[in-house]
Structures are given as C-alpha cells and as structure tokens.
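Letters are used for the chains, namely A, B, C and D, taken in the order the chains are written, and counting of residues starts over at 1 for each.
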Amino acid sequence: MGITRFGISLEDGLLKNFDRLLKGKGYPSRSEAIRDLIREELVKKQWEEGTREAVASITLVYDHHTRELADTLTDLQHQSHKMILSSMHVHLDAHNCLEVIILKGHPKDLQAVSDRLIGTRGVKHGKLTITTTGKGLD
Amino acid sequence: MGITRFGISLEDGLLKNFDRLLKGKGYPSRSEAIRDLIREELVKKQWEEGTREAVASITLVYDHHTRELADTLTDLQHQSHKMILSSMHVHLDAHNCLEVIILKGHPKDLQAVSDRLIGTRGVKHGKLTITTTGKGLD
Amino acid sequence: MGITRFGISLEDGLLKNFDRLLKGKGYPSRSEAIRDLIREELVKKQWEEGTREAVASITLVYDHHTRELADTLTDLQHQSHKMILSSMHVHLDAHNCLEVIILKGHPKDLQAVSDRLIGTRGVKHGKLTITTTGKGLD
Amino acid sequence: MGITRFGISLEDGLLKNFDRLLKGKGYPSRSEAIRDLIREELVKKQWEEGTREAVASITLVYDHHTRELADTLTDLQHQSHKMILSSMHVHLDAHNCLEVIILKGHPKDLQAVSDRLIGTRGVKHGKLTITTTGKGLD
C-alpha cells in the first residue's frame, strides 16, 4: 500500500516537549514516533474488540525445582498447541527459568491460556503481552 | 505561544484504521487526536521523572459506616492540606461513598498521600490518576 | 455480611518483601493489603465483563480560554446527565482548569462519554478512572 | 527458605467473588492466587525503584522487507549484548516477523535498549514486559 502525507498542527510548547521526548527515545523522525503512538492505540483497541486474530507473548519466571511444574507447563502448552507458534527457554540461574511463549489466536482464547499458565503453582511471575499479526498496521 | 504546522507521512492502511478510531471517539481532527496521544506520553514521562509539579486525583470508594474511617480520611487530608486543592463527596447508596481529592505537588509526595489514603482500612477501592498542571502541554 | 478467616501460606522471602511493601504504604494489616489487591482485580474484571453497573471518574485539564470549550463540555455533560452524579471544578492557574466528573452506568456508556469529553478540542489531558459502586466488594 | 502460614480475614461477599475469579483463572488454591497478586506488586515496585537487577522481554513485530531494519536491529542488539540473554524469531506471514528478546540488567538500561529498538523505523509494534530474576520472590 501507499503512503499518505498530511499536515498536523501542534502548539509550540507541546512540539518542543515532544521533540525532546522523541530525541531521548532515539526516534528517527516525528512521523515514526506518531506512527508508534497510533499503532499502540490500535493494538489495544483490536484486543478489546476481540474480533480479530491477535498475537501475544506470555513471559513466565519459575523455579524448575518445583515438582511437576515443568510437566504441567508442557501439558498446558500441548493442549493449546494450535495457538502456540513458538517458545523459548532461558536459565536465569541455578533455580530460576524464564520461558516466553508466542501465541496466535482470538484474544479470549489467548487470555484463557495465559490465565492457566500464570495460575500454575510454582510460576513466580507471569505476564501476557498483547501485540499484533502486523496486518492492518501498514 | 504559536502553533506550528508540519507534515507527517502514514501508511494508507494505518491511516484508514486511525481515521476509523478517531471517528469512533468523536475527535474533530487528526491533529487533535495526535495531540492527545503526545500529551498522554508527556504526562507519563513527567510523572516518572518526578522533577516537576504534577496534579493528580485520588478516587476512593468506602463504606461510611466503617468506624472511624471518615475521621482517619479527614485527618490524613489535613496533614496533607498544602497539597490538596479540593475534594468532592458523592453518596453512592445507603452505605457506599465516593470521594475524589485533587492534589498538586511532586509525584513522590502525591504517591505517598495516595498510598496512605488507599491503605486505610475500610476503603474498598482507591485509585491515583495522574494528570498535569497544564504547563508545558501547550 | 460476615467475615471469614482462613489461612494462606507464603514463602518466607516473599512474605518479608510483602511486609516491607505494606509497611511503606501504611497498611494496618496484611489482611487489608490483600483485600486491596483482590478488590483491584475484581474492579478490573467487572469493568471488562461490562455486565454490571460501574462507577468512574473522568479527570480533565483544559484551558478555559479555548473558545467554546466550556460550552461544549457543558453540553456533553447535559446529554449524559442520567449518568453523571456530580462534578467539581478547580482553577489551577490563570489559564488551566481541572474538572472531575463522577459517573455511574454501564462500562460501555461510561467509556463513550469519556471518549467524547477527552476528544474535545482544547482538553489538554483527560483520563478515565474506573472504580466501583461498592457492591460485591464486601 | 521455609514457608509461613498465617490467617487473613475477608468479607464474605468479597471472598465469594474472589473464589469465582480464581476458579475462572484455574488457580489451584487461594494461597497461589494471593501469591501472584503480591509478586506482581513487588515486580512493579522493584522496577520503579530501579536499584536491583531486573529481567525483561521486548516483543517486536516488524516487516522484514523494510530496508536495513534487520541490520539495525541486529546492530542494536550487539551493542547491548551484555544485557541480552537470548532472542527468538517467528515468521508470522510472508511479511511480518515477531522477535522476542530477553534481557537482564538495571531497569534504566533495559528501558533505554527498549526505547531504541521500538523507535526503529519499520517496527510496527513493540512492547517492553518487565519481570524478575526470580530472586526475592520466594
């Protein structure tokens, strides 16, 4: 698809503060910073509406010594295998593991898998991060 | 201060989805919607940096039958009276009250008052909402 | 209604850190701190489900010199008068005003009023804070 | 470390709603659900204080056809190689890629790497998810 250029107007004080913010974050241009703000809004909106396929990552930190935890996590992932695209495992130290699981599916289903995984005994911290298939954002 | 007009470029698909979003929210123009996204970022940033005065509202819901709660809330507000600009009280039903308190001060101090108020026994739900003195956003 | 007492078990390290956190926030007891964490979860859940009446506050900061802004805000509030319980106005400085509006209704309707108000030209910052009627949290 | 058991008291209505919530999320016990609420608070608190090492994941969705994007992302990751523990790449479709990067370091440094990566032109959506080394949460 093409690109459209249009003008926007901003109060001088606001623009000065915005330029400082985007310089601090390393943005190459105002357009790119504004695109990011807009995309973030759209990703949240699409997740809330729940009608489109979304992508999400689930980040889990757990102690792999917890009896049966690894098995339970593996079982839960197998039950949801159609949604799971990939997963990665990092050994943080002798006890703690971090696992990131990437899923694609409807927001409600992704939320349900996430609730189950995070609720498993032995998982110290879990977080669902919603993102996008990338469609409709370009 | 003046207003500066400049051009930004957006991919067509992204622009279409953005226009739909801002129409749904009743924005009069793309500029106004983009201003809001930028201001929201700046308000969060200024709060995190903690170097400027900020404004915040604290929303509390509580049962006014809880013994001594009203007194405690009043005491806490008096101790912080320099920060408190105003407050409002609404009777939700025979038991439940809602109180909103507006404060101005440094983020750390506002956070501390909020923690105290929300932590008071009998407060069912409390929430700190950060906003701005309005300076530097125009 | 009555109060139920039950036991929970916590790892020692976690308990130590939790006790430090709640001391810092001024909580009178572990029970009260845990109640607050639970109520916060329930308020978010009830808002997402959207089936119960909720209460919310909308915090707006705007420049009252903006032509017709005050009129527009008043009109919008009148159109939603059945939902609006109360409102409060604070003069932050010669230019900036803060207004807090308390509403009761279904989450979708409250969200729509909030979108309209925040999207109005001249509103520098607006925020919807969800809370509760207090029912079902005791 | 050991485990401590202690009693907490909850209003009956609140407990009923909490039990319904945790059943819906598949929690095996009230203790586990309460542990999760507490750990989530501690992870946020530790991140804000910024004094301890933290762990975070950055989730990026981008179009791999964007000229030089992949190179820039790789360069940025190499510059931060001491913080990066691992990364994973998923092909969402013919155009869109998802990349998750796991980092360990001080919150400020992790935030800076995240800002750079998310601000890179061509990244459609990026999100920093904070979590924990697992220490102090057990």
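Keep in mind that, in the parts below, contacts are C-beta pairs under 8 Å (C-beta built on N, C-alpha and C of every residue); 3 or more make two chains touch, one makes a residue touch a chain.
All values derive from a computational prediction rather than experimental measurement.
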Copies subunit B and subunit A - interface residue numbers shared by over half, same or different: same
Between subunit A and subunit C, centroid-to-centroid distance (C-alpha), Å: 25
Residues within subunit A bordering two or more other chains: 39, 137-138
Graph class of chain-chain contacts, one of line, ring, star, complete, other: ring
Pairs of chains, among all present, that meet the touch criterion: A-B, A-D, B-C, C-D
Complex contact set, residues of subunit A against subunit D: 22, 24-29, 32-33, 36, 39-40, 43, 55, 57, 59, 61-63, 85-88, 90, 92-93, 95-96, 98, 100, 102, 104, 115-116, 118-121, 123-127, 129-135, 137-138
Subunit C-facing residues of subunit D, complex: 1-15, 17-18, 21, 30-31, 34-35, 37-39, 41-42, 45, 136-138
